[in-house]
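Chain IDs A, B, C, D and E follow the sequence of writing; residue 1 opens each chain.
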Amino acid sequence: MSSLINSIDFPYVLGALIKVVIFWITIMIICAYAVYAERRVLAVIQNRLGPNRVGWQGLLQPFADLIKFIFKEDIIPMSVNRALYVCAPIISLVPAMMVLIVYPFGPDNLPLPGGEFLTQTINDLTTKLGLGWNVDLRSVNLHVTHFNVGILYIFAMTGLGVYGIVVAGWASNSKYSLLGGLRSSAQMVSYELGLSLSVVAVLLMAGTLDLTEIVRQQSGWGGMRWNIFGGTSAGEGLKSLAMAIPAIIAFFIYLISAIAETNRVPFDLPEAETELVAGFHTEYSALKFALFFIAEYVNMTTVSVLATSLFLGGWNGPFINVFPWLGPIYFLGKVFFFLFLYIWLRGTLPRLRYDQLMNFGWKFLLPAALFNIALAATIAVLVY
Amino acid sequence: MNLITITTFLPLIGAILLLLLSLRDSGDQKAANNLYRYATLAITLVTFLVSLVILARYDSSNAAAQLVQKNPWIGSLGVYYHVGIDGLSIWLVILTTFLMPIAVLASWHVTKRVREYMLFMLILETGMIGVFVSLDMFLFYLFFEITLIPMYFLIGVWGGERRIYAAIKFFVYTVVGSLLMLVAIIAIYFYNGGTTFDIVEITNNIQTGKTLIPGNVQVWLWLAFALAFCIKVPLFPFHTWLPDAHVEAPTAGSIILAGVLLKMGTYGLMRFNLPFFPSVSQKAAPWMMGLAVIGIIYGALVAMVQPDMKKLVAYSSVSHLGFVVLGIFAFTDQGMQGALYQMLAHGISTGALFLGVGIIYDRRHTRQIADFGGISTPMPQYSTLFLIVALSSLGLPLLNGFIGEFLILLGTFASPVPHAKMFAVLAALGVILSAVYLLWMIQRVFFGEITKKENAELKDMDGREVLAMVPLVVLAIVMGVKPMTFLRGSEKTVTLVKEYVIGKPAKVAENHQDK
Amino acid sequence: MEQFAQIQVSHLFFLAFASLAVVAAFNVILQRNPIYSAIGLIVVMCSLAGLFLTLSAEFIAAIQIIVYAGAIMVLFVFVIMLLNIREEDAKADRQKYLKFLAVPLFLALIGVVMAALKTIGNPAASSNVPGTVENVAEGMFTNYLLPFEATSVLILMAIVGSMFLARRESAEDTNEIETALNAANQPTAVEESSEEEVHA
Amino acid sequence: MQLTSLNLNYAAIAPESIVSVAAVVIMLVDAFSKKGARKINAGITLVSLVLALIAVFGLNSAGRGSYFSGMIVVDPIRVFFSVTILIVSIAVTLLASQFLRDEALPPGEFFALILFATAGMLLLAGAGDLVTVFLGLEIASITTYVMAGYRRYDTRASESSLKYFLLGSFATAFLLYGMSLVYGATATTNLTAINQAIAEGKVQFPALLMIGAALMLVGFGFKIASAPFHLWTPDVYEGAPTIVTGFMGTAPKVAVFAAFLHTFAEGFNAGGPLGSQLHHVWVTAVAIIAALTMTIGNIVALSQKNIKRMLAYSSIAHAGYALVGFVTSEAAPVGFYLLVYSLMSVGAFAVIQLLARAGDQKVEAADYAGIGFQTPALSFSLAIFLFSLAGIPPTAGFMSKFFIFKSAWDGAPTLRWLVVVAVINSIISVYYYLYPIVVMFFRPLAPGFVKPRVSTMTAVALALALIGTLYLGILPNRVMSSIGRSGTANTALVQPASK
Amino acid sequence: MVPLSWYLALSAVLFTIGVAGVLIQRNAIVLFMCIELMLNSVNLTLVAFSRFLGDVTGQLFVFIVMVVAAAEAAVGLAIIIALFRTRETLNVDEADLLKL
């Protein structure tokens, strides 16, 4: 990123912007259909139909919802702290969105169909305009940028997301919101520890914090050498399989923490309708509510992306070397799997009590993660 | 073991014994108190006897320090445990050990916290002896300060009405002086090479010119020492703590305060100021003598108008110690010998005076002269002894006071110091004034009609009081009749000190010619 | 002023982050409402992270946000919420003089430092660019091994201390303390005292 | 970088390790034992502190030098100051048992905190690098913040804790800023390297070095409560539980002084034109601070009627005296002074802890009226401690002051006025130190006096302090020579730049 | 490259703003934030020096500072909570059982 700042030029910025827009739209669509999917899947689980009127099988429902949110009256309650009340949804959404610049959607240097032509055209055009750009679009990287400290960046940004919730709870000036905000921030801070520590086991295998690099490392064995199978950096042969043990433990710890981190069932206490009406966003409606909603789904996507990249090989899969464009498909498929998992869990599990939640986080998950790091380190030392 | 060390620390060991005794406290307060009293008396008596051995071993023909013990103590500083006696200190040590049993006897009536009282008395004795025998500046300072704490408690706990005020005043005045002295001690230490605090060595170095202190620095250092000692003496105008302390202190406290503690000041002047800074001392002599004379007359005048007997005696101390300072700064054999002699005489007679006042106070619980009158009738023994003591104090020939004052006046008259003759004349006026206030007091208290009926039934002295008083009176007479016994002991050292200041006799002649 | 002649993108980044930081910092100290101050501080921290990036300190930048913004400030905001501290009333401050002291002091301090900064000129940056995770990690586990280990003591201590202080005192505890205090201060307690006690 | 070149030497950090490990053990024992395992905790604490003491004496076997790539040093300053710190910790541990029982406060955390604080202070005393100075300081400070508020139900304790915390952190920020500038100017954080850089004229930004040193001085000034950075002290000392006051008034100061010596008397005591300029500036600044500190501490103490508050101001004054010794960069007198000060101060606070009753209810001087002969052992101990604080012989207070004054008079001829100021201050201080004695012994007994109980452990601690105070007053030679000449700062590099 | 003095100046400005905040703010928690601001500005100085000297030590120092700041925050906020429980105010002027 520093190289980014210090060696910035216009085409680079433009290219990055185009990528960001494309990815943003992708994520938005994913989120929108995740909501739709959630409603349908839940309906199936609960033996009902779910939304099926807008468009075929209700496929246009997300857009209908969006329009509804936009045109609803924007209510700002009297006693709220106006400025913060307005800022909170934005604070919530922006960091969540900022993460997507390091998503590794696919392999590097993906040949772009028609890239040759585009390159030629743009270069000629700009030469005529006197800008003298030198653009190479014959192949693309399906990530905006890569970071030396990519994973830390993700944690940093998701960590900031908590402020949206806290500020919303505080600014609403209502006890439900306040309690919801408090619980939520406590929960997020607590489970962030488990989340980050579980990742450490993988980092021990990878030896880098660069997300794209971590994914690239898992492309062995014909695209199946995923970290939960032991990864590559542990060396050759069956010995490396030993690393799978801590990796799998880490994977489950990560999964549980991630669900808690995103305030989903069974850890959705901050917005427990039956107790807190709706937690921190009780007082929110219309577009502001939608922003919170989107932020939550973006966060779900983010943790799914991380899980995919760190444990399940990211865009890696069979035949990836032959057909590089399978990469994004594998990637999205894995992400959807996790999103489905979220919905599935919501449909089946009851909610935990608050003290159970905290005890579980601090007294089980955290020690387990620490133990797992020790285990991983031991195995790493033995294997190398 | 060195005799001097034994004498010094015997009281301290006694104090520890006293503490051990108190461990098997049977609960009978009265018996325990008596035990403490007798034990203390015994300890002080033993100390006195041991000190007599020192006296016996003391060689009066030798001016240097004797019976010396010198052991390294604080190596990094060059501090030694160095004790010994010479002409300046021998009699003061004896005075201390002699007054202590009397002071203990005088405090027989103390019933409050007897054990602690006696403890403090014993610690005080160690401190006082230590001051006189130390031959190391550091050690001297240590003992100088140690005397402070027990005295402070004696005044503060067992004193009179305004004891707190008096105790604090006493303490703060003394500490102010002594801390400045500490700075001066450090300074001298460094000017002397930063290796030793030894008084003898430093004196030699200064006298032989091995150690040179710049002139203006000398003045400051001299002032620092002088201030410390003048406060202790107390020289006018630093005397204001004295009446308070004397009046509020218990009888024994007053005896020791007047008898010994004040002498630490004059002793210090002779021990430090004169040998260390001869030239400054010479320059300062007229000023000191002037202050001394003011003290003599002022003390006497104020004493005259005191309605309180104890206060009167206290102010008489100011007056008498003025004589001592006068004698010291006369820089003549007679003057300085007289000063030393006057120290002893004052210790004996003023101690006795305080004892006398204490005796009468025990009976009447008042010290106002106006409350008495004609008590010679019910208390003939007491009146006789008190009269003798008063006469000795005012300098009647054949009693001790006369010898000291006479020598001082003589010495001052012959002194090379400018204006000395005038001071001598003025000081002589002080002698007359002291006769006035003492005799006037005697007249008002002992003679005339008995105006108050309480006074008619006063009991005369009991055995214990006689035991305390008689030695003092006897000594006052002995000192008056046979002064040479005492003077001979200090002769050589005094001459040495005088020579430190003004050089060998030839130089004195020069000084005379200058005038 | 030839510095401005060759203005670069990094200068723009610097100026943007710096002005953001200064404005937010003033916001921290001038706001009445603690939560606004907190948000101001979060902004300062984030812009400092940006500045760290311009200095190629990527690891520190990430950690800056994770630790400061993501943990410490969350704690602050959390406490503000927990104690529900709302806007302070405009009370008469007892130490008003401090406020008048603040401005000149502020200017003086700035003045001194600026004067000192004038002397340093514009030294060239080292060609050696530290700041990656590898650099930091290597230093951390070699030269800084002892301090690194010592931080564990620090953190452990902080956990013990803050747990102790923030724990709510139960009614039971309070009772116990009261009983103990009374017992300790009662003269009668002397008789009940155990054998290990001696009287003063 | 190879690990071998780091000069790892675990013997060099043995005391710190022992104490830290013991703290963890105590937390574990506390977690797994029933309530009231006070004796076990106290026992573990004592044993570990004594072991650490032995380890400190064993430091010399590690050899003089710096270890862990210069992070920690073994030298006489460290050894001596560590011993002082451990003695204070041992005394406070002994005293704490009764305090915790009388007030039904949880013992586990308290002992753990004492140990953590000790570990921090030991680290600080041995720090050879700015970062270890900083870390040690913070470990020690943060622990004491918590200890100050140990009586959670008590508003005054909490307030004291808060004030201590805020001002302490404020000071830390200054110290840190100073460190950062020094680092920038000299391109290193190692104290020896800083010294060399200054001496060899390799400082890139001399102005920044000056400002950095000044800011560090401010930071250290805060931590040792020297004027004009002393405002926190009285409140904090008054509000904290007495025993904690005794602890934080002594041990952290000792440790900070050690670091102060290492940084200023050694690090910033280099040759060369810049070095001598720097040396001159900081010595002058320290002299002025010392004079101010003594004077303010003593004068304000005069008007105090609350004994804890009075002792707080007196502790300010004592920091000033110690600073007087500091101007010569000689470690021995400062070390001896702080040892003595710690002993008498802890002793005084211990007595007050007992006399003030559980919950610190009686801390006004008037509450002590006439109790002198009711509890003679305690009162006379207090009197001796107060006399010692006042510097009256034959107590150690006198001897330590003597060493300080002598060293300053000798070593800094241009600053002799400072010695005079110090002496005048000693005179002033006598007045207020006498006050409690006056009240205790000379006034009639106040009603409602209850004879305090003294547990065996408390008695042992008191006796230790008392014996120490008297022993060092009469026979200081052994202890003094143990720091002695070898403790003189800056032996190897360059002579101080004083003329 | 942005000149070193710019970073140092910014850091000094932030530090002094922090100091000023400590002087004018009366709310304990904001006061504490001002102190955190001061620590942060120091971090900037350290990182800037680290970059210009090409020496990673400055960044390591920053890391340690962050750990310390975190510990300090934990304890400081615990103290504030403890005080709030007994007093219900965070105005340091009102916390006046102990006179200044």
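Going forward, a contact is a pair of C-beta atoms (placed from the backbone, for glycine too) under 8 Å apart; a residue touches a chain by one contact, two chains touch by 3 or more.
What you are looking at is a predicted structure, and each value in this text was computed from that prediction instead of being measured.
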{"item": "Any chain in contact with chain A as well as chain D", "value": "C"}
{"item": "Shortest chain-hopping distance from chain A out to chain C", "value": "1"}
{"item": "Most central chain, Cα average position", "value": "D"}
{"item": "Pair sharing more residue contacts (C-beta pairs) when D-E is set against B-D", "value": "D-E"}
{"item": "Whole-Å gap between the CA centroids of chain B and chain D", "value": "43"}
{"item": "Averaged-CA centre spacing for the pair chain D and chain C, given as whole angstrom", "value": "25"}
{"item": "CA centroid of chain A to CA centroid of chain B, Å", "value": "95"}
{"item": "Where chain B and chain C are represented by their mean Cα positions, the distance between them in whole Å", "value": "66"}
{"item": "Residues of chain C touching at least two other chains", "value": "10, 54-57, 59, 63, 71, 75, 80, 82, 113, 120, 123, 131, 138, 143-144, 147, 151, 154, 157-158, 161-162, 164-165, 169"}
{"item": "Pairwise chain contacts under the document criterion", "value": "A-C, B-D, C-D, C-E, D-E"}
{"item": "Residues of chain B touching chain D in the complex", "value": "73-77, 113, 116, 141-142, 145-146, 148-149, 152-153, 156-157, 163-164, 167-168, 171-172, 175-176, 179-180, 182-183, 186-187, 189-190, 194"}
{"item": "Of all residues in chain C, those that touch chain A in their complex", "value": "9-10, 13, 35-36, 39, 42, 46, 49, 53-59, 61-63, 65-66, 69-71, 73-75, 77-78, 80-82, 84, 131-133"}
{"item": "Touching residues on chain C, where the partner in the complex is chain E", "value": "3, 8, 10-11, 14, 18, 21-22, 25-26, 28-29, 31, 34, 37-38, 41, 44-45, 48, 51-52, 54-57, 59-60, 63-64, 67-68, 71-72, 75-76, 79-80, 82-83, 85, 88, 91, 93-95, 98-99, 101-103, 105-106, 109-110, 113-114, 117-118, 120-123, 125-131, 135-136, 138-140, 143-144, 147-148, 151, 154-155, 157-159, 161-166, 168-169"}
{"item": "Chain A residues within the chain C interface of the complex", "value": "1-2, 5-6, 8, 81, 84, 147-149, 152-153, 155-157, 159-160, 162-163, 166-167, 169-170, 178, 181-182, 185-186, 189, 192, 208-209"}
{"item": "Contact footprint of chain B on chain D as seen in their complex", "value": "332, 372-373, 376, 387, 392-394, 398, 402-403, 405-406, 409-410, 419-420, 423, 426-427, 430-431, 434, 437-438, 441-443, 475-477, 480-481, 484"}
